[in-house]
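Chain naming follows the written order as A, B, C and D, and within any one chain the residues start at number 1.
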């Protein structure tokens, strides 16, 4: 979570091995996020195989929909972690940081809803 | 395009090397579809690297949105080819096939719009 | 279905009271489409009342999601009718019309998927 | 903002005329939200007129896409206000409230992304 470490006055940088509650939460879920993205990479390869083998268009489109759904789930989990740790942490530290974090988060949600 | 070849009375099967207008269109675009899916697979790998390197949440979410958009483009191109070849071919042959193709196409569109 | 009547060489214009299979299908479902849109208008009014009464944000957002879903259903039904009648009719008449209809339909699907 | 007033230990209830920073922000934007929803109601009526007048399918679908976009904008603005006021307020008060607010917010985002 380099974003938070860019705010050196309010918390120790994760790079030096500290494990604040915020950072721990992130590390714990990192494997989950990676596993989910690994599976999505597999779906992208599966789709290429389906096209190579000239499988049924409708079956391919069904797989594209399933992969898009998996990607949206991945986005929702990352966003939840972001709100729960980065934004909440900013809220606790106060100042102008929370506003900036919320502006960024809202823009990220907009980009995800308007793909 | 096995779907159409499952309809043996109305056209030669693509497997035996025939190249009807419908099949040719498909073969021509196959490389485009594969190239697009290959790029999407690369985006899935790039996202894993970003998570591994603990990059900024917002930057990761921006990449997820970009990848979702690329996947939707892939779906739209596949769907366009499907309507243009499979559905139109069915329309020309007549009988009950067009109804079935349209029902399938509408369901596919619904699955893509409701990810 | 003025779109088809703009193609005067291939079919009688609906305005003069003809009822081809294509036109009949459209007229039959018109009430369904209107009923659906009427309900959506009611949802828009319900949302205004919720905001006026300063109801819970989350409850309002839940209603916005429900209304968006209803609107997407409306779009899917209109699109299905369009493919089933206008595009299929174009396929049967042949010439350059089907290509143009498919191009339009794919663009419409893209606009709906990328709201 | 009845949600927050349901938490009587942490702030005065808005009903008795208090105007905390959180509540003021909400009141200020209420007119904007209502104006946006009013416009959306007008779009729903316009769509009914288009169907009544049997206008071009594609033009109707274009309007449905525009209306869906307007509704998503409305959702994004309401959500931004919710995060900015209700969730941030919860973050400042602490306890178990922030977790509950974040859980609700993530679920709302999921409902909006998965219409």
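One rule holds in what follows: a residue touches a chain if its C-beta (ideal position, glycine included) is under 8 Å from a C-beta of that chain, and two chains touch if they have at least 3 such contacts.
Keep in mind it's a predicted model, so treat the numbers as computed, not measured.
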Seminar exercise, completed: Note, CA centroid farthest from chain A's centroid sits on chain C
Exercise. Counting C-beta pairs in contact, does A-C beat A-B or the other way around?
Worked result: A-B
For this session: Compute the distance, rounded to whole Å, between the mean C-alpha positions of chain A and chain B.
Result: 26
Seminar exercise, completed: CA centroids of chain A and chain C: separation to the nearest Å works out as 35
Exercise. Which positions in chain B touch two or more other chains at once?
Worked result: 72, 75, 79, 105, 112, 114-115
Exercise. What does chain A use to touch chain C in their complex?
Worked result: 114-115
Exercise. Okay, in this complex, where on chain B does chain A touch?
Worked result: 1-3, 14, 26, 30, 33-34, 37-38, 40-41, 44-45, 47-48, 51-52, 54-58, 60-62, 64-65, 67-69, 71-72, 74-75, 78-79, 81-82, 86, 104-105, 108, 111-112, 115
Seminar exercise, completed: Seen from chain A, its contact residues with chain D in the complex are 72, 75-76, 79-80, 83-84, 87-88, 91-92, 98, 102, 105-106, 109-110, 112-114
